[in-house]
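Here you go, one structure.
We call the chains A, B, C and D, going by the order they appear; numbering starts again at 1 in every chain.
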Amino acid sequence: MSTATTLQTSTTPLGRDELARLVAKDIAPGSFVNLGIGQPTLVSNYLTDEQNITLHTENGMLGMGPAAEGDQIDGDLINAGKIPVTELPGASYFHHADSFAIMRGGHLDICVLGAFQVSATGDLANWHTGAPGAIPAVGGAMDLATGAKDVFVMMTLLTREGASKIVESCTYPITGVGCVTRVYTDKGVFLTGPDGVTVRETFGCTLEELQELVPVPLKAAA
Amino acid sequence: MSTATTLQTSTTPLGRDELARLVAKDIAPGSFVNLGIGQPTLVSNYLTDEQNITLHTENGMLGMGPAAEGDQIDGDLINAGKIPVTELPGASYFHHADSFAIMRGGHLDICVLGAFQVSATGDLANWHTGAPGAIPAVGGAMDLATGAKDVFVMMTLLTREGASKIVESCTYPITGVGCVTRVYTDKGVFLTGPDGVTVRETFGCTLEELQELVPVPLKAAA
Amino acid sequence: MLNFVDSVQEAVAGIKDGSTVMIGGFGNAGQPFELIDALLECGATDLTVVNNNAGQGDQGLALLIKEGRVKKMICSFPRQSDSWHFDAKYKAGEIELELVPQGNLAERIRAAGAGIGGFFTPTGYGTMLAEGKETRFLDGKWQVFETPIHADVALIKALKADGKGNLVYRKTARNFGPIMAAAARQSIVQVSEIVPTGALDPENVVTPGIYVNSIVKVAGSGAGTSTTTEKAA
Amino acid sequence: MLNFVDSVQEAVAGIKDGSTVMIGGFGNAGQPFELIDALLECGATDLTVVNNNAGQGDQGLALLIKEGRVKKMICSFPRQSDSWHFDAKYKAGEIELELVPQGNLAERIRAAGAGIGGFFTPTGYGTMLAEGKETRFLDGKWQVFETPIHADVALIKALKADGKGNLVYRKTARNFGPIMAAAARQSIVQVSEIVPTGALDPENVVTPGIYVNSIVKVAGSGAGTSTTTEKAA
């Protein structure tokens, strides 16, 4: 994977599309990828034909194409977000147990997910706010978090209230333990794992400025 | 199922083909059936079109037809005994896990198996003599014994040495516990289960003569 | 025994109060709307329903819930923008919810059909959905013990059936149909076409007829109509 | 990554000593004879082989065993009229045997591919093949705990592959191929035909390309040739 090994910087924070472009660039050619609902879906706009990426949708398909438009719309052909999509040459359909076996058996190279919080050791919280009275809904989030070889998170670094979403320990109910390997945010790219958090890139700030925002020790990529 | 409820008798022991005919007659219309290797295979010769029986072979097929002959022989179309067979209209193919899920999930109505011994409570011994130095081989026997709704055994009542194969407790290594529901032999038809052995029919002998051969208490079908 | 029946009403007539009913479909794709409407009509109540969601809008499963016929939902994703009938019942404490990660839902249904008494999976380990469940360290990972989900009845939508009850589906409408057909004691299937036995290629059958009990042809429920099947309440 | 390779020799070149190798096929149907011959040629030894049988006659797996390259067989039915090479090694104590009921073999392979850490099954309960194994009473039956069978490599024979590595099989030659492809870290597949991407109907793909690593076209290993592939020793 085209992972820079020393700390990179850019002069401005990244917008959602720039971030999606960066994630897309980091996906190795020939990979099998599941893009979560919301911001991660943007990544598909920046995958190139040369990369030869195959997209999986957990409701039963490999080889998913772009969103369907006009006459292409077919109620029997939707993605996990229930959006009508298209089929690419070389696609295949399968039932739900077979589809989740692809995820749970560790066959997906990468899944890209949104998150409420990610802990320093890669715990993911992205399914439930835990608010009293909230109706919980999990879908395939836990299977994706636990099953993919690499779990990439895309999110803004800070909440609207200015709190870091990279935390020492998740306060929201978690989706998976130690599963996140990389976090793409508007202010930087973080590598997470058993050894803590490494910063691969910063956008519009220095590592020191980033450290002031994030309540866990940050290391620069060596 | 066309099970007689009072003790029937015939004047002579049944040959293998007559026994196969009797088993075939006892299979309810529309049933899904697996016929084991050897003597049970003969049953297929006596199934009628009106019965609309679907045969399963554990190497991955429903809707198996008769043995292939001449130009019909196709090395990719064999049964569990590795004999070339044919495909009937309405057949389907599936992989081994799906095929055994049919058996193990309790979806087969009947399997018909050969046996070394059957115990009074329906334990089956049909896979291994337990002889020192014998190389064991089990195949699908344990899955069939455990999975089918009804397990019918076809065998001669006595060994060549004259010992009853219906026994108080199996001396051969068992294939399944309490799984056999009915035993078809040359000298009679026996129903086995938690309450012991009931004789449904005798062939060429009386119940009293049968009782002299079999070392477990026999009841006449009421 | 396989039966071809003439109406969805006849197809669901045997469903008893208190049954566990699996309903195929993910979103609208593969939802057997006509069978669900017939279930609503037939009056069976006190149901446990297994579906990925908990009803949307004012149709199908949402109406069953609205009418108070569902005592418990087993699903992965009940909360949606238009799941107002479920939301209301849930907040009123009038419906029980067993929330199951989607892959565990699929695997537990598959286990019931395949005769598996339980299995260990990493999904959900360390989360509130695994609280109180047995865990074990296997294959280098902590895993959670999960049990099969059996059902009395499955309501399924397929594309075609042949005379032996073999089924094929269409695109992502396949979803839960094949595993629910195997897990339920009775599988009731609506199809848009019944073809002669022999017309389906044996290589391409998805659900073998052994898993199917009742088949009903529903006009206009065929290819690609999943999003256009909008019912008045 | 998917590779199309030019020869069976190249396809198996990466198989290391000590590997666990799954080999598809039931009897001769679906046996990848040419890949097995290449494995024999390449010299890898100390192998654990997973196959339903333990070789027949003087070909394929039987020769691997004869040459002493297999330290352990995991199979359901080693003893056959022509399994003389296995029989001799077994009686000489030169090969280890793990005998597994055929359905447990299939389900354990499936479990490895599907990320299941272990499962309970009634098959084998109370028999000598369950001796020493954990048992539990579930769903009204005594059941035995079984664990997944993983492999380094699977050797598989399919009918056709497309440019994405999607596979279809032929009749009962399908048998173990799909589950072994999912269970092994590397799947090496021989096919009789490679078709353009898009030529396989997505509804009818049996093994999606995600499970396939290397594909080699083998002339004359196609439809219905399973019984006529007889090799000299």
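We adopt the following convention: contacts are C-beta pairs under 8 Å (C-beta built on N, C-alpha and C of every residue); 3 or more make two chains touch, one makes a residue touch a chain.
Nothing here was measured: the structure is a model prediction, and the numbers come from that model.
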Smallest count of steps, each to a touching chain, taking chain A to chain B: 2
B-D compared against B-C, more contacting pairs: B-D
Chain A and chain C: spacing of chain centres that average the CA atoms, whole Å: 29
Whole-Å gap separating chain A and chain D, where each centre is the average of the chain's CA atoms: 35
Chain B residues counted as touching two or more neighbouring chains: 61, 87, 93-94, 97, 100-101, 103-104, 147
Residues of chain C engaged with two or more neighbouring chains: 107, 114-116, 121-122, 169-171, 202-203
Chain-to-chain touches, reported pairwise for every pair that qualifies: A-C, A-D, B-C, B-D, C-D
Chain D residues touching chain A - in the complex, by the definition given at the top: 1-2, 112-116, 162-164, 166, 182, 197-198, 200, 202-203, 205, 208-211
Sites on chain B touched by chain D in the complex: 57-61, 73-79, 82, 84, 87, 93-97, 99-101, 103-104, 123, 128, 133, 135-143, 146-147, 173-177
Residues on chain A engaged by chain D in the complex (per definition of touch): 29-30, 32, 54, 56, 61-63, 87, 89-94, 97, 100-108, 147
Residue ranges of chain C touching chain D (in the complex, touch as defined): 107, 111, 114-122, 136, 138-139, 141, 143, 147-148, 150, 168-171, 201-204
Chain D residues touching chain B - in the complex, by the definition given at the top: 26-30, 76-80, 86-87, 90-91, 97, 99-107, 109-110, 121-129, 142, 169-179, 206, 223-229
